[in-house]
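Listed after this line are the structures, all set down as structure tokens.
Same chain, two partners: subunit A is paired with subunit B first, then with subunit C.
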Partner chain A sequence: MSKFSRAIRDHAVPLALIAPSILVILVVVLLPLMFSFYTSFTNYRLIRPDTLWDWIGLRNYQRLLADWDFWVAFGRTILFLTVALNLELLFGLGLALLVNKITWGQRTLRTIMMFPMMFSPILVGFQFKYVFNDTIGLVNNALQSLGLTEFAIPFLVDRWLAFFSISFAEIWMSTSIFAILILAGLFAMPKDPIEAARVDGCSNWQVFRHITLPFLMPFIFIAMTIRSLDVARAYDVVDVMTGGGPAQRTELLWTLIARTAYDDARMGRANAMAYASILLSIFFTWYFFRKLMDARKHLGAF
Partner chain B sequence: MRNFTKTGLATTVAIVLSGAASAQDYGSFEDYTLRVKLIGGAQYEPLYTLIPEWEAATGAKVEILSRKSHFELDREMKQDIAAGNIDYCVFSNHTNFAPQYDVMTQPLDGLIDADTIAAFSPLVISHATVSGDLFSLPRHSDVSNMFYVKSLYEDEANKAAFEKEYGYALTPPETWAQASDQAKFFTDAPDRYGTHFAGKDEGITGRFYEMLVAEGGVLFDDNWKPTFNSEEGVRALNWFVDLYQAKAVPAGTTNYVWDDLGLGFAAGAVAYDLDWAGWAAYFNGSDSKIGGDVGVALAPKGSSGKRTGWSGSHTFSITKACDNKDAAASLVTFLTSQNAQMIEARAGLLPTRTQVWTDVIAEFKADGNAFMVEVFDIWGQSMADHAFTPPLIAEWGEVSNALWPQLQAAILGDVTAQEALDKAAKEVSEVMEDAGYN
Partner chain C sequence: MAEVKLTNVVKRYGSVEVVHGIDLEIAHNEFVVLVGPSGCGKSTTLRMIAGLEEISDGEIKIGETVVNNLPPRKRNISMVFQNYALYPHMTVSENLGFSLKIAGKSGAEISAAVANAAEILGLGDLLERTPAELSGGQRQRVAMGRAIVRHPDVFLFDEPLSNLDAKLRTQMRVEIKKLHQKIKTTIVYVTHDQVEAMTLADRIVIMKDGHIVQVGTPLDVFERPVDTFVAAFIGSPPMNLINGHIEADHVVFSDGNRLPVPPDFTGKLADGRQVVFGFRADVLMPKGHTLAESGVVTDLDLKIDFAEPLGSESILLSTLGGKEIQARMHNPRPVNEGEVLTCELHLEKCHIFDASSTKNLRE
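And then the complex of A and B:
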């Protein structure tokens, strides 16, 4: 009897038990992935089902390499990710540290802090589209009423203001994810090292820099990993606020891919774009996981 | 007693009219359930309140599977085509997008009788015909004309100042060059701008396209090679660029679509607005800040002497996969009947049956609604003489998506009009090549 057959016989029960899960994963994840990967080598257009068999080899990928708009959107997505993640981390850390200090009404505050997470991204998009509108927007009206400006500021039109506006909406919606995870880290933190450091005469900054922050880093990197996947596929908020425009000034990977796939019905090309974009998510996931492992090693968790 | 007689008379007329409507035989489809996907939204919904009447007349039931905006429905139907999941009979369609659903659409010739088709405007029927097949029955049409704030144009000080600055009298614009002058003249930012325009999606493509035609240009040559990056195309695009750079339109106009424009004009934010007839009653009504102060005029002419008139019609189609095409044809006929179109026309939507034009204008006259009479007169002329559709090809959506980001780039000053159109032409060539045109 071969080694393989023996292994199957010895592990028959566990294999039988996990077989349904493997089957479900195959059907739900692997098959669609293989199908979409195949279509990226075809001229598949949704409105022409027979184009599914129109094999064009690497043409979609070749065009992608030469598609300046795609690479600009790729770069902008990385910038958006960098800005959003760093600012969310800063604000989330600040919020968590402040909330952690409160002794009365902390639970209520924690609940309030989570409100933005409870809104659908589409609603958040509409909310900030209104807030930043140039004629009826809240910000412009407030600035004009206070006499701070006489002209409407085109928040959703100007290249950098539009980028600021979509970043603001994204950060507003998701900072609490960082805050909650960091707060969980603060709750789990042993008090002894901090007390020992204070007895040794460490300043608040030294305690934070050398004890609190290293302890929080694994929590921060978990939040970073989750959020990097989220932001790398940011779509709803941006689509509602600017639709990737004007003139592609706020075009991110997924606004471009969704338009190519559904509005243009060019699913083959869109899938080629999506596979190139996945590289971004894989890179950030790998990077933050490596950082997470380093941080845990530093804490002596392994 | 007098009131009672009036009420009695009205009731009698209503009964006679409704009797006349239900007199048409819509067939009998006892216990059959007709599955449909319909366009949703405030201006489309009132028509659907008639569906129970059709159900009562035929014994069938209507199951509405989707009731979404045009763009959501468009995505859904593309997915249905891709998945081969077309288990419904009737769907809302649009003349300008109908060719892309050709694999699922049942031609109506033979299903709808010739007399019924003959009651529709021949021009609109021709717009609903794709490669010789009638793809859908139109419920109402769209074309844009000018709405303007009358008091601004009638103000003596404005008249004198305008004539002094531009050398001709201030009247609603007859040409787009005059419209440009007037937009700059009336701008008093940020309280009021001269005008605004749809600045993204198919909105700006359509506006550019009609301006291109009015300037004497065409989108494609006979071999489907893009030709909009011509001299006429640059002139057409520069009309928008010039107004944007002169700050005669709101800075955010590049993000505006139809609701932003309609609500902005009703709020008195602009002096004139090129818009659809469906807004007319709202603009001049009590919910609008400029209610009672709205004038209408034909869309201006471009330098070729042709007026702008980008047009299309909302329609109903039947799927090839439908298991009861007679029931589907019956519902489509019912929803586009004289009675049904009168309901939409009263709200300002443009009918596609010629008799409804006559009847609704007579009704507005009888009600003393001079504004709506004028609206239907202007839009009637526009539909008869100036309306044109984009090329009726399945790739119109893709062509539009290749064009509008480049149009925006020129309007915002990132590139020149020529550079923007050249880049768009290159992308459109690729779209047409992939679709097998050249």
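And then the complex of A and C:
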């Protein structure tokens, strides 16, 4: 009997027990992954199934390198990510510090703080689409009836205003993730080093800067990791609010990829884009995770 | 130069008062130890001096300044915390230099001060480590180093040794004492351990339930406790305290045993008065095992329940007036359980406390 078959016989029961989950992973994850990866090397178009066998090598990827629209969307996604993450951090930190100060009604506030997370992103998209709409929108109506502006402001049409609008929606929806993780950090934070720092001569700001913030960094990086993955695949809110338009002014990677795949039916090309953009996600995850590990290293004694 | 002066200092948490109007004057360069059972308000008092707790009433002065409303950073104090409270994300040398960095000192000045503190406390090899990489004793040393780099007016210690094992605690106790001799500064030190208090203090402040019970030198509080609480709290083994009543210049115990009152009380106590008779194990010694001491001595036959040999002496346990009492046997010999020994009691060193007020009647 060979070594291999003996190993199988010896571990028959455990193998039999994990076999179903391995099977599920194979079917649900690995096969589609391999299939989509394969199609990124073909001229596969959804409306012509036979093109699945049309092997074109690296041509999709080569074309991508020269595809201006793709790189603009790529850059805009990075900008979107930077703006959203930084502002969410800032607001989340402020919110957490505030809630942490409040002693009365804190539980209720904490619950209220989580409301935006309870809505489906699609609904958040619709909500803000109507908030920012230039004819019937809430903001425009309010501004005009207050006499602050004569004309309707094209929130969802102008290049930068539209970018502002989708950022606003994204930030509104997800600031609470930062707030809650940072609040958890504040709850876990020991009082002693803070008091030591106050005795050592720190003002409140210096205590925050030198003691509190370093302690919160791991929590912030956890939020950053989660949110960078989230924002890098942003689609629903944007698609509902602007659909990447008008004239691709708010096009992000995934609105572009979805359009290429389903509207233009160029599945092979879209998959190539998708694989290129996954690199972005991997980069951010890796980056924040490394930061997290660095920040955590010394916190053993807290 | 910094005296610390507390005048009628009160601390309330909501409606609960935990420190009830404390008066205390601490001289420049004095080593004062606040001691008392857990929960008596020592830490609260210390933290009010530090500025970490607000004062509900009264006044605290450091030097000539009333500090009631000054934040900690404006009081020029250093504090060593029970759990060390090191900055976990900084190396030892950053921990030591942090207060100087905040004070805006130059890099050269900081390194010199850090090197000096590291030298005094033997931290030289540890400067690049983080707190997580240190043992308890080393963390303790860093916490002390952080306090001394700055030349504060007052050092505050809150049970700095209570997280160390017994051996290390004794060792660090000596080091703290040496440190005080080296860098003369006012020190306020909190502990619940009376041995620490006795060995370290210039003056001991004994607290109970938010009040100061007695203030005095270690010998003062040992030899002249103001009440039964101090008598039982200070000294090891604790003072023997036996309830009884006065009958013709004798204290009569519940078991019928009677002892003469100390000579200075003769004729001063009314018959029938309820009292507590107190004496330390040191003044009750079996005949032939005493220290050569003159004075008024009375004999007492005691049935020994058992003996605890400590080597150079033994502690004998017996019963008197229904209470377990302890005696000290010098040049010990083996003692059998139930053996009856005649002991000498040095009467001038005995105390009489009032049974209801618990006050020492000699005061």
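Of note:
FYI, the second predicted complex is superposed on the first by the 273 of 302 C-alpha atoms of A that agree within 3 Å, B and C clash if a C-alpha of one lies under 4 Å from a C-alpha of the other, contacts with A are read in each partner's own complex, and residues count from 1 in each chain.
The working rule: a residue touches a chain if its C-beta (ideal position, glycine included) is under 8 Å from a C-beta of that chain, and two chains touch if they have at least 3 such contacts.
Note that the structure is a prediction, hence the values are computed from the model and not measured.
The superposition on subunit A brings subunit B alongside subunit C with room for both. In the superposition on chain A, A:215 makes contact with subunit C only, not with subunit B. After overlaying the two complexes on the shared chain, residue contacts for A:206 are found with subunit C alone; subunit B is out of touch. Applying the stated contact rule after C-alpha superposition, one finds that A:196 touches subunit C and leaves subunit B untouched.
In the superposition on chain A, no contact is made by A:32 with either subunit B or subunit C. Contacts of A:75 after superposition: neither subunit B nor subunit C is touched.
Rounded to the nearest 10, the angle at the Cα centre of subunit A between subunit B and subunit C in the chain-A superposition is 150°.
When the shared chain is aligned, subunit B comes close enough to touch A:264, but subunit C does not. Touch criterion not met for A:105: it reaches neither subunit B nor subunit C.
Note on the superposed arrangement: subunit B and subunit C approach each other to a least C-alpha distance of 52 Å.
Those residues of subunit A lying in contact with subunit C across their complex are 190, 192-193, 195-203, 206, 210-211, 214-215, 298-302.
Within the complex, the subunit B residues that touch subunit A are 71, 74-75, 78-79, 81-82, 84, 100-101, 103, 189-190, 199-201, 250-252, 254-255, 264, 267, 269, 394, 397-398, 401, 405-406, 408-409, 411-412, 414, 430-431, 434-435.
By the touch criterion stated above, subunit C contacts subunit A in their complex at residues 50-52, 71-73, 77-79, 81, 83-90, 98-99, 102-103, 130-132, 134, 139, 146, 150, 156.
Those residues of subunit A lying in contact with subunit B across their complex are 43, 45-49, 63, 69, 133-136, 140, 144, 150-152, 154, 156-157, 242-243, 245-249, 251, 259, 262-267.
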